[in-house]
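Naming follows writing order (A, B, C, D, E and F), and every chain is counted from residue 1.
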């Protein structure tokens, strides 16, 4: 069944765009933290190896750029991270959820709200470069149908948008980026979610 | 052999609904805790990868929402969790036991009784959203045959119930949900099981 | 070669009943403990995945019901467990050794003798329910031939016994059970084996 | 190439008997200990799963029966064990090296010499029972050809020896056993090897 | 799509040369460090086993030759290393990225800039020897097309350059090496990147 | 490409002899140590399972015979070992590099020079016995072509040398051994390499 955009009530939930044999679709990347013994990363949602590597890259980016987001690095040593991409029965793969995953993690770690009616698609590299992805036309149609109004894409995907008939992209605003920093600046609001989680750190034993 | 509903005497035992090549069936999800060195999750019952991921999601949800259920988070660091789905020889897979698993864990961790003659089927996501599942007609017939009176389903599965002939659903009450919170509120009684287990936490060394 | 019942001299050795392509057979489940760093479970005897899961369930049951058997739970953190099912070259699988395994562990952990000339077959679940198994006729014939006089079966297997010609079950006493508690009550004698092992626990450092 | 019996100069080296497509052969099981963080067992020599399980059983037997051999159990927590069966390129499998492995470990842990010109073949179980093995005729011929004079076999293999022509077993003494204790009593001399290794244990920090 | 040389703004990003079924290409090796419990090496980018071993060799070389680069060896025990080779969907294998990987790690660990418009290809060994690689002609054409001006090659690949028509290598400077030391001396500038990361080491507890 | 003997400048680099479908070849075994948390052994060079087991045997031999080489056993607990066999793209297997690996490790751990123009081939066992290997004729031709003057072989391979035409072995000196001790006595010089690494051990906390 075709999903619709839902809300930005939850920290760590970000809308991505997928392209399958039967056309474009929106998907949701969910991240959640829980107290534990160290920086364990759990991945669920029937993810293929390339998509799992995207999640590892996203986690590493957040880890290496914690200061950018005002995240206390001690959190990584006392909280575990779980990334899930529903629906569980559908196999998913490819690198195009990279920027969605890094935004999901950034929101989960900061408890900041994600911008409303926003979707995104793009590969990330370890240094934070955003790379172009395929299936842009199908993904855009799916986003519009789902009630999305703003879409983040790689600058190199701008040419793919220009090839789409204007009426199909009417009502959609495109935000072209080259670096993950630009994604996070646009996608994350300053406002925190209601009842934000507080990530406590155990006191050092003296 | 076709199982019948049994009782709500045990904490951690919850009735789910499965759909196989030979029709619908009820199944039991069992959870148990034992003292150990950390939050290990053991899964048995010939479970496929998608079903194992459901269990991981259920565990993560309980972990991240411990306050909702008044669970002392220190329990997770000193008790291991085991989820089993009999019968051991039958392979099982799919995401539809998600809400059954999260209810089973919630009951095991709180030692609260599960509502009598209740069965459930639905996928969960990491944030606690409940997603619709397939095979509703077959599952409902199996539930009725097994002596079930109350069934929790995803709101989006309501349309599947409306398509079933009224005489087949006679005597069954449906409880439609969108979020795991609603599942737990309905499924878990305030009453604890007889002789509830007490989950002790070792004292911090001063 | 066809084995015969041996003795109850050893703690942790329990006679089970197997059903293979060439008929029924008795088998021996052996459990042994050794000092170590934590609750490691080692399984040998060419066991398939379902049989390995039976052993995990048996171990978890003993762990979660230690008080039932007067086992000091600290033993689990300082002793490792090994379960072996001879003969090493023969592949074995299926859930029907469940109650044999839990009895073997209970005897090993308590050093109590197992009742003489007793054999058993039945699946266990995590909460301790005993489920029926197949191949009852062949298993019973093998038990009799091997010198067994008492057999524990699941209550739901009683109907299978009634279908066997009376002369074949002459001299055999059947003990039907629904719960692992009943298995242990019947199978374990109060008497300990000769020279019982003592499971020491290192003193806490003050 | 056909090996010959070598010597009993090394602790932990014991002669076994193998049976392959091209006839019987002697083989050597070698065990060695080295200081480390805990009871790690390393197995080399292109061993199949059943033979690896034999080694695990042998190790567990030594561990659980340390008192029998006057082994300080603290050794297990500070020394790692390595079992090797040359030649490295030849795949080997089956349970029949069980008693050879347990004797090899016992010699390595006690540094006691192994009886001269002795070979052995037999499966072990966890409780120490010795089970019969196949290929006896071919193994005996290989042992004689290799210069062996004494052979340990399972009591149940005595009938296989009686079926061999007397001239083929001339000059060979057979020692039939039912329990690993009997194997060790016969195979291990009281005398230690020259320059025996001393297995030190680090002092507890006060 | 054909990539172009980018910049030397980032520490740990080095340009390599690959040779695939469809011709030569430039690729980027990215390395990044993050605080953690020990010297974990994470590899992403759909790398085959031989390429993963190249990364392990590169890491080991940096580890064993830390003094050469003025790296405090304590960093290895408190920082984890991640190497990524975009693009994530393209499988990559072979040993020829060895010197690119060791240069990437050296830059990441020292935060020194990599020489501008430089690309390289060559296998490394554990002792730091540089071995020749294949596909030189195709790789050189790709480098030139991408805007590269300087190329590091193994001395033994000099003969492959001499076989290329002069006009194809016009504007390219070749730097032949036999040892990783020569690669690092040429490729790494003394200058650090802007805002270099500082790798802190937790103080020893007294 | 056919390699030539290189030098004995590096500790831990030893020349071995391989035999492939296209004839004999020399190869280099490289060992290197780096500080870490314990005795980890890393193996690279596209090695098959039998060759990996050879490396494990070589490591165990050095570990168990540290006194023979005046190695402080505390080194093993604070330094990790890496063995590499270039070239990375070529799959290698078999037990014949055993004595080459043990010599490589001995040189790396002692920083003693390896004898000049020396190559070797032979399997090792855990107790240090050297076993004969195949392909002697092809290996000898390759050694001579590569500039080798001295070759260590198993005593049982002497007969293979006698079958080679005298002119082919002219200028080559053969050193036949039965035990690893003899290999190390001949292959390792008393002299250390230039700038030998010093393997520090952290002081015990009082």
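The rule is short, and it goes like this: a contact is a pair of C-beta atoms (placed from the backbone, for glycine too) under 8 Å apart; a residue touches a chain by one contact, two chains touch by 3 or more.
All values reported here derive from a predicted model rather than from experimental measurement.
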By label, the chains that touch chain D as well as chain E are F
Through what angle, to the nearest 5 degrees, does chain D rotate to match chain F on its C-alpha atoms? 60
Interface residue identity across copies chain A, chain E - same or different by half: different
Taking CA centroids for every chain, report which one is farthest away from chain C. E
Gap in Å, rounded to a whole number, between the CA centres of chain C and chain B: 29
Intercentroid distance (Cα basis), chain F paired with chain B, Å: 59
Note: chain C residues in touch with at least two other chains are none
Classify the inter-chain contact topology: is it line, ring, star, complete, or other? ring
Follow the ring of contacts from chain E in the direction of chain F and write out the chains one by one. E, F, D, C, B, A
Spell out the residues on chain F that touch chain E in their complex, using ranges where they run on. 1, 10, 12-13, 28, 30-37, 42, 44-46, 82-84, 86-89, 197
In the complex, go through chain E and note every residue touching chain F. 38-39, 49-50, 53-54, 56-57, 60, 63-64, 73, 76-77, 94-95, 98, 123, 125-127, 129, 131-132, 156
